[in-house]
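First the structure, which I've put down as structure tokens, then a few questions once you've had a look.
Going by the order they are written in, the chains are A, B, C and D; count residues from 1 in each one.
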Amino acid sequence: MTVHHFEPTQYYTTIGSHAPALVVEDGDTVVTTTVDAHGQGASGDQVTPPGNPMTGPFYVRGAEPGDTLAVTFDKLTPNRPHGWSRKMVAPNVVEPEHVPFLPWPADEAKAYAIWQVDNAAATVTLIDPADTSIGSLTLPINSMVGCFGVAPADGQAISTATSGQHGGNMDYRGYGEGVTAYLPVFVEGALFHIGDGHALQGDGEIVGTGVEISFDVQFTVRVIKGLRSRWPRGENGEYIFTAGNARPLDQAVQHATSEMLLWLNADYGLDAVGAHILMGQCVEYDLGNIYDPAYTMICKVSKRFLPAR
Amino acid sequence: MTVHHFEPTQYYTTIGSHAPALVVEDGDTVVTTTVDAHGQGASGDQVTPPGNPMTGPFYVRGAEPGDTLAVTFDKLTPNRPHGWSRKMVAPNVVEPEHVPFLPWPADEAKAYAIWQVDNAAATVTLIDPADTSIGSLTLPINSMVGCFGVAPADGQAISTATSGQHGGNMDYRGYGEGVTAYLPVFVEGALFHIGDGHALQGDGEIVGTGVEISFDVQFTVRVIKGLRSRWPRGENGEYIFTAGNARPLDQAVQHATSEMLLWLNADYGLDAVGAHILMGQCVEYDLGNIYDPAYTMICKVSKRFLPAR
Amino acid sequence: MTVHHFEPTQYYTTIGSHAPALVVEDGDTVVTTTVDAHGQGASGDQVTPPGNPMTGPFYVRGAEPGDTLAVTFDKLTPNRPHGWSRKMVAPNVVEPEHVPFLPWPADEAKAYAIWQVDNAAATVTLIDPADTSIGSLTLPINSMVGCFGVAPADGQAISTATSGQHGGNMDYRGYGEGVTAYLPVFVEGALFHIGDGHALQGDGEIVGTGVEISFDVQFTVRVIKGLRSRWPRGENGEYIFTAGNARPLDQAVQHATSEMLLWLNADYGLDAVGAHILMGQCVEYDLGNIYDPAYTMICKVSKRFLPAR
Amino acid sequence: MTVHHFEPTQYYTTIGSHAPALVVEDGDTVVTTTVDAHGQGASGDQVTPPGNPMTGPFYVRGAEPGDTLAVTFDKLTPNRPHGWSRKMVAPNVVEPEHVPFLPWPADEAKAYAIWQVDNAAATVTLIDPADTSIGSLTLPINSMVGCFGVAPADGQAISTATSGQHGGNMDYRGYGEGVTAYLPVFVEGALFHIGDGHALQGDGEIVGTGVEISFDVQFTVRVIKGLRSRWPRGENGEYIFTAGNARPLDQAVQHATSEMLLWLNADYGLDAVGAHILMGQCVEYDLGNIYDPAYTMICKVSKRFLPAR
């Protein structure tokens, strides 16, 4: 159980079978940093070109196709005092007739709001933009990883703008500190990538961003041999959950629900009828994102209604 | 502010401009009953044919097209000890390839699970079905109205299987006790219908039912003159919310989000840029139903982040 | 086989169980007229309020739930020299980001183009609009019925803006002269409605209209006892086809395809494997409309690849 | 204008920035071969692993990001006497409730039908499968390229199972012999890939395959400097067309329609109002595929209604 301190020197805007940046063992912990979606780091400087640049990939020894990689996000700490968000709900999120009435910014420079991020106070405060009377606005911090994943199958290199069975840009605010994510392994070593930190984000990432910021990150990896998963999963103190990434949202729901049914059957000893009855009255869904090329829907079941694993 | 005790003698399986069952004044309270989705009442007897039969309609004096009708669900109390649910997740909610592997019931009689509903304990308990090892399962009660609405525009009579701008079969578990629903008024008197009580339901109504049961109901109506709404809204102690009813879920999100933007602009004094910034980081979405002909997505904003109305 | 000459005096903007306008026998022919989508008749005068007003309903003696009604459109003749269309592709048909760049008309009056309709020459000619350099444009006439249907089940009255299993506003350019439409019968007498003539229309009705015009209509009805259909069908000299009405288009395809599979199995003696192999390599799809509340997709199979019925 | 005879030795199942297999000049012609979707060549032997293996990539000198690559499919000739298709309509193409009733094959070996392909007679003949009474079935040949494209932007390597702005697995039967395809160029040299030949295919590729076969191929490339396209386009004797690749079909329609509007404006001198009026009454849509991860819709306009380019 080594703790690796890793300083990234290269970033990727695809998730794929890139040369490993670091080789770690099953159970190891990595302490590293991520730049924001625009490629800006802790100092605010441009470290790498924009487009959700990823730190990694991390090769996890022992991980093979057919296994599942568990990654616990031990710490997700904004490492600079300012984040940014876009200011307009994306046109695909409102009625088509409503689109011309959106507050289109006069130019790209006016498209962004700046937020002060205070780790000690655990708050995110809007710095009063000139073009609205909303004034200041202080919200509770909720650090989360917008984009992370493992190398996909078949030699693909998938843009960090989108997501799939390998994870990717799911932009789900439930992938926060203390959460364990599970990812199907497609290639030897899994090749875990991470980046695109948000100090806060609403459901759906409907303005196309959270409060985008660079992070100090600590995560721990674990290989679950022989556990076949097909879509990203997750777990926190209260819930287990699955992620479906697709368009339209209906299809994302189908993937997440099917994956949850498989999980309940395989790991909780629930037969099909039992799992269906339970989910019918207990299931919850979260809208991860409705902005990226693939949308994300989350299917959740509270652990208090589940038998022991 | 009269309290009317109304005993229904006729039920409707469409929401339309039917002859008023009772005329009430703005501010009045109605105490009445609803049958379950199959048309069975407090005694368990078949009172009326199945298909989400509605109690009402209630003509609210003063309500005119262009107004909004507010209906507060004061009390929603299951009035018999047993409810029922379907036992299989609907085929449209799982991956198409997964459909043949669903636990299809051998016959319609085997399609249902029975639940004991205990108002005093505030629990709903599964009565051990023979075809699963899940055994008993006790869940907290969460009474909600599956279907309610006002007469739609243009002389339509819309099946209580589906929903639209007039409300209808939204099957959203957030329309529970203490909640105020808001509905656009399309005809004089609004013509409010109510029925299809659930003692509990998961997100999405993915088995096609909640725990279906007959209710003792008390609700209070209020006419908001000149308030133009386009889609159903709601409010509880913590949130304001809007409902979009359509397929696919993406379009339901578009309606709900557009309606929320209108609401924030009109009632909370937020300019467009301010409303968008706020929603981007604070909005939440619930999946009402992904089973009925029109799906329902809910757009929510916590009142603690909103200026005073 | 009587030929009825029927002059409408009342029109409906819902398709429902309205009082029959005329009672006809199985095999009878009706000669009548329809107003345009705005309610204007042969003289151009406003005959009835707008919203796809329907002529009818026609009660067909002998038609009962579980039967199919066949309606052959013997003649569809524009009965005035001018039609109109909208001039802008609807916002839901283009990319959301493209919507603000559509040529939004300055006011409703500027939203329409006028077309000269010449039955003798079989042409439709755009009358040069002031706001474009396109000049004149002459296209071949292709008269079709935008909206027709039978009374739906369960006492519903469904707006003529939309469509469903009962038919309705399918806006499919394949429902033209000489075509036989098939509709499932839900109520005694079927109650056939017809209106919303187009002298021409592109696929998808993407500007929200065809060349809208009033018609002289002749149609012949036939009751097919015991033929269970679930969605509208049709037949011309070359093809049999089925219509699925839903959103998104994907679901419309699912309905149309499933209905075609049922048809091939029931009427053409094709077993399932044979029908699937055939459809895989021969099927064609048309986009009826992508504008109305329910979209329409058409599934077609050429008769030359089919065994005898 | 050199004619290159190229014999492939390596195949790719992603479309990406692979090392060029051959460098050609603007205007050159290539004569080569493609294997079928399973990786089997002219002799029927397994030449390379399955998954739509691509011949190429071909580096076209002078092609730069911001240009458009035109590829004319001069000849597409099946080069062996047998092709194969799957025998069951895919579950996502029928109603979810209908899925269990599909003719699921007992095992993978029984999933395929074999067709005799006769270039001289220009026919494709089903070899009587044992599990259906359909007997023989002879259909006209219609050779087409299922999958072709150029290297996508941002270093992506996209699976040949799917499609996007770079082309890919569009499975549109209109990309046949004599057609010119247009593709946006994202990388220097464009890097054109081609494969997945079908001797015939219905609309939508609803069984997941056409009649899959290896091809002798001849194509000619041309670089159109400075022509910005965003989605694949095409042209034959009668039509110009655009392809939108996405899910659901609605979004594919949006891309294809927006691209056509851009094309009409840029190349045909039509102002926006004129282009919209014209498309409203003349547009046609084809369903490319409704099987692959991204669906394909085609937007077509007949050249006879267009001004000179």
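What we mean here is this: contacts are C-beta pairs under 8 Å (C-beta built on N, C-alpha and C of every residue); 3 or more make two chains touch, one makes a residue touch a chain.
Please read these numbers as outputs of a predicted model, since none were measured by experiment.
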Can you check which chain pair, B-C or B-D, has more C-beta pairs in contact? B-C
Between chain C and chain D, what distance separates the C-alpha centroids? Give it in angstrom. 32
Separation of mean Cα positions, chain C and chain B [Å, integer]: 34
State, to the nearest whole Å, the distance from the C-alpha centre of chain B to the C-alpha centre of chain D. 47
Shared-interface residues of chain B (touching two or more other chains) are 92, 96, 247-248
Among line, ring, star, complete and other, the chain touch graph is complete
Under the stated contact criterion, what part of chain B meets chain D in this complex? 90-92, 96-97, 99-100, 104, 248
Would you tell me which residues of chain B are touching chain C in their complex? 13-14, 16, 51, 154-159, 246-248, 251
Where on chain C does chain D make contact in their complex? 85-89, 92-96, 98, 101-103, 113, 124, 126, 129, 131-134, 137, 139, 200-207, 209-211, 247-250, 253-255, 257-258, 261, 270-287, 290, 295, 297, 305
